[in-house]
Amino acid sequence: MKKLILVLAAFVLHGSARSQSSPPPIVLSPAIPSDVKVTAKTVSIDAFQPDFDVYSWNTFIALNWPAEPNGNADLNQKIGAKSDNDTVWEHYRDVRDVFLPGGKRPTWNGPSEAPPVPVKGYKKGMPVITQIGKTPTLLTDASQPFNTGPLIDQNGYYTRFQILINKSMFDYILNNSLYSKAGQKVFTTPVNFTCGSLASSKKPEVEGAIMVKSSWKVIDPSEKSHFHSEEVVVCSPPEKEGEKPICELKTMGLVGLHIAHKTTSASQWLWSTFEHIDNAPTDADVKSGNLKARYNYYNPKCDAKDCPANQIPPRPWVPAAVSSFHSQVVRNDMFNLPIYESSAKARNADAWALLGSVNPNSVWKNYELISTMWPTNPGNCAAVPGDPLCNPAPTFMANTTLETYLQKSNPPQPNVSSQCIECHNNATTTAARPSDFTYILQRAQ
Amino acid sequence: MTPTPGSAPEAVVQDFADMSAALTGFLSSVLKPSLDPVGLARIYYEFALKQVGETNMSNVLSAFRVIKTQPPQTIADTLLEVNKSDPSPQANIVQSIVAMWYLGAWYRPGVKGSGGFGPTPLQVVSSQAYTNGLVWKVMQSHPMGFSPLTFGYWSQEPGPLSTFGVNTGNGGGQ
Amino acid sequence: MSADTPQQYDVVIVGAGVSGNTIAWQLGKAGKKVLILEAGVAVPDSREDYMENFYLALAKTPESPYPSIAERKSTPKGDITIADPAKLPTPRATVLGLGKGPDQSYLVQLLPTGKNAAPDQNGNVRGLQFSSTYERIGGGTSWHWLGTSLRELENDLQMKTKYGVFEDWPVTYPEMQGLWAQAEQAIGVAASTVQQEPLEGVGLKFPPGYQYPMGPIPISLVDQTISTAIAGMQVPGMLDGDGDPTMYDVFVTPTPQGRNSEPYQDRRVCAGNTNCIPICPIQAKWDPTVTLGQALDTGNVTVSYQSVAVNVAVEGLNATRIDYLVWSSDANGNITKEQKFVSAKIYVLAAHAIENAKLLLLSNNKDGICNTSKQVGCNLMDHVLYLTWALIDPNDNPIWGYRGPLATAGIESLRDGAFRKHRSSFRMEIGNEGWNFPSGDPYTTTMDFIQGTNNAQLNGKNQRLGGLALVQQLNSVLTRQFRIGVMFDQAALPQNRVTLDEKYTDALGIPRPHIDYGLDPYTMEGFRVAADVCSKIYERMGATEFTRTSVGQTGDFTYKGKDYHYYGAGHVMGTHRMGTDPDKSVVDASQRSHDVPNLWVVGSGSFPTACTANPTLTLMGLAFKSAKSILAALAY
């Protein structure tokens, strides 16, 4: 019993825990959870994982809640009530507006950086997406050695990526001048973003740092009912060095969402990942032939010989052009315990029922939680840096749109296979100091 | 396919972990934490069981249970027969269990090295076994090929041995 | 025979390693169409596959991550099964194959006799084994280079003029300075010229104001401990007093390294995985796949993998085509091959010093090409490696090995001096990885204290330990282990050579390299001096030396009554030496063949002397020079 209390003390208990025998319900609420609420009665991964998956769905719902023009959640609206909606997280600051040329001081609310070339139909404030790989690179850098390779959809279009951060994370960067190389050079104390914490009798609730990475696919307007979509300016590097980038207005559908949140229970952050339900089949689906008619990133009519799975497209990579190579993605099973899949499946069912109760045509029913990665040995969030030897669960986790080529069928490989915390532990500032599990500080100029 | 964990009873795996803690000098809560995403104790138990067979494993665990309340060093010295000039086959098996925790590989009981090098193991149990090897903690470092540390750490001294999970106290391997 | 795809290539390059990828990148950038023929398998999409091989390898050798891999389970006798090179399409030299017969060793060499080889009447020790290894895969051998990116010294390039021995290089130091700068930029070398200033005295000079691309990698505690202990130390140039009365300063210098001290080329900063050899898990250390990626990004470079060049056809003065075999292998290891050929305006052999020589000797129906000088395959050199190791006194503070990159500093101050008239020079690499290299630690010592053996020599009482006692004993010794590796600029001897073996082939039917090798008094005298310097260093540190000689395997020899054991450094040089005289050299200063003007033969095989720096930076610099000369030739 003593051990249980000690372990649970590391995770903040929700007040009504004692009266519940199952994890707290997923709720339709715009309130972003400041931390996980642990209701588990025994100390085991099986008991804890559902609480984290509930936290992930509550976070997803809150972040995707309809937003007012100022970015606050619109309390008069419900998520998906009009099928789709503009979201809270899309008002977070895109990192390309944080790490400006010349290390210029950014603003939270100022106008977004305009596209680098004039674009027909562009309206001020429209999102501009410039990332073609998971790792951000400068738009003008024509030779981009993507570490993880581009993801090309079944129509030959490159998948696009964005990274955005919430106000808490932005403020820390601003107040510590971490938005420039010069500022990072003189910042010698450890980078330590704010830990989210639930309200207590002593302290009010603190949201904590949140970073969101989204992946987008070009869609036809007729597909809008199946995706959360945005009108977006998409920019590609020029085909030849020295030429101008190529930017176009496109309708993009969300296909993947990574949410990382630093909380008191997790100095190594909590990592939630969601995917569009039509992205790719699993290994098991392919083996059994239980395939859908269409996927975003898989052609069910092409066999393994002609379309080997999870291959990086051949170079050169020309995002501006329509590619003849289409990525054939399969979701590899990276979990070593059954609970991860079963918990995600159960929480997905609950969430979809809830979302459907608002509107049966909610686009948000097209998204599923893959899993939530959390440190089983979190340590003290106030002390930095978070020890990466925090024994995370699950041991490996991947989003097929974001870690396509880092998947591996069993067994995955330590330090190289998709392990959020271990990889992000290598993240540093431009001055090579640890940057608290985020790579965005490397973008500083 | 997600592998289903093996069928060995939890209590037996716990005994194996507690015994291993005494044998290796580490805390049982390090070898088998209550929140255990990797499940190394179970993986090692089942691997060793396959190598040595039910009878041998059962005998080893029985010998442990008889003395499990003794101080950990006594447990280790007894099961490893450190004072005998020629260890018994059972002690050789216990040696291989220690080696497996330390090095992540199964060494054939009683097979020794020569020519300036140690014996070649039968196999590395798994890549996670390699990266969780205890010998790297014993030297206050990290496995070669797997560093959770950050740039420049090598110009500073490491933290004390006690921060690496070693059982430096006198309490039983818990 | 069938032609390759109908594209017209400007240049065909054999080999996707450092030189091949660098040249391909430069040519592709300039709009030239390039085909790379790579004998081995493609670069994997993620280094997961290679990491898995490494983690599961029974012996963590340099080749352990790379295909073809040794068995992951040992035989009941405890042997690791490695495939017979005769059954492999692209076998290569491996550490596991050293000292073995042709059924395990790709290079066909005399087997060690088990006795220490003694000098003959000329003072030479013949019949020794060449101990360096290499890879034949996309990305090449430098997947597992350490990252050491030293520049040569002024006198390295002018040994004949300065010391009357060997040859001068046909390139000047100022020209090399420009080429090194290009290579340092391409790799991302972390160093500081300020830290290198003390070496001006031995002829390491930088153009004024030169800046490395990144700041230096911090030195390790091992470096710091040694550096403190040898403060003020001096040693004579020669042991017996004649030839060089100078006393030389002995001091530690941080090593310029090709690993990131800040984010560079979208690659992570070094996290001290202590695994540079055989593989950096996070690619903080540059490897040739980075440059290959840049080459492919130009849109003008194609790579054909599993394509083994077997003949360079030469008609008159011109190379007219390369014949090659495209191989594939099924699940049972059955090899099928298809014959192809490709033509281009210019051809480049960048397949590694031994493979280049092999291909040149094989061409033209085994009559050989480019060999008016008769030097193809000759002058095979390595930086012969003398490994010494020691233990800090148990009462002193630990030295904290097994941490950081494999090497972060060395003793470079003994690399030049009048003694070079009489004996080989050397640099001393300080290892950060304890006794991993010499003893296979921590495995050997751990098993010693568990099983009561004494293989690593630290368990003289044959203790068997467990529990905290085991922890404390292992902690005490493992944190006090360290090693110094000394590398010699071995003499270039025509009789150290690569030829085509008459009997043994690979699975494609291609003759394997036959090696004749040995050491000469010039080189061995260097050993003698270095052994003394190391012992003196350990004495000043109060450390106990544990260096073993007479290992009873390949690499043992006796010189002036003392036994030594050498290893290979993996620096294979000399087999197609460059020079100005076509009667005495194979290629010119741009690595262009004297005999066949549209054929370039590139890599460390072009080095006329071994010099004192690890070769990768220099060979990459020379590749930039070659690329420039190829572009000039294409424009002509």
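General observations
Lettered A, B and C in written order, each chain numbered from 1.
Just so we're on the same page, a residue touches a chain if its C-beta (ideal position, glycine included) is under 8 Å from a C-beta of that chain, and two chains touch if they have at least 3 such contacts.
Just so it is clear, the model here is predicted, and its values are computed rather than measured.
Shown here, the protein chains touch in all possible pairs.
Between B-C and A-C, more contacting C-beta pairs join the chains of B-C. Centrality by Cα centroid goes to chain C. As a whole-number value, the distance joining the C-alpha centres of chain B and chain C reads 37 Å. For this pair, chain A with chain C, the centres built from the Cα atoms lie 43 Å apart.
In chain A, the residues touching two or more other chains are 411, 413-415, 425-426, 428, 432.
Each of residues 51-52, 55, 261, 269, 271, 273, 281 in chain C touches at least two other chains. Within chain B, contacts with two or more other chains are made by residues 126-127, 130-131, 145-148, 150-152. By the touch criterion given at the top, residues 135, 137, 142-149, 310-312, 314-318, 405-406, 408, 411-417, 425-428, 430-432, 442 of chain A touch chain C in their complex. Within the complex, the chain C residues that touch chain A are 45-48, 51-52, 55, 260-263, 265-269, 271, 273, 281-284, 290, 293-294, 296-299. Within the complex, the chain B residues that touch chain C are 22-26, 72-73, 75-77, 79-82, 87, 94-95, 98-99, 102-103, 105, 107-108, 111-124, 126-127, 130-131, 135-136, 138-142, 144-158, 161, 166-168.
Touching chain B in their complex are the following residues of chain C: 51-52, 54-60, 72-74, 78-80, 218-221, 224, 261, 269-275, 279, 281, 400-405, 408, 432-434, 436, 439-440, 442-448, 450-453, 455-457, 463-471, 474-475, 478-479, 548, 551-553.
Residue ranges of chain B in contact with chain A, taken from their complex: 1-5, 33-39, 126-128, 130-131, 145-148, 150-152.
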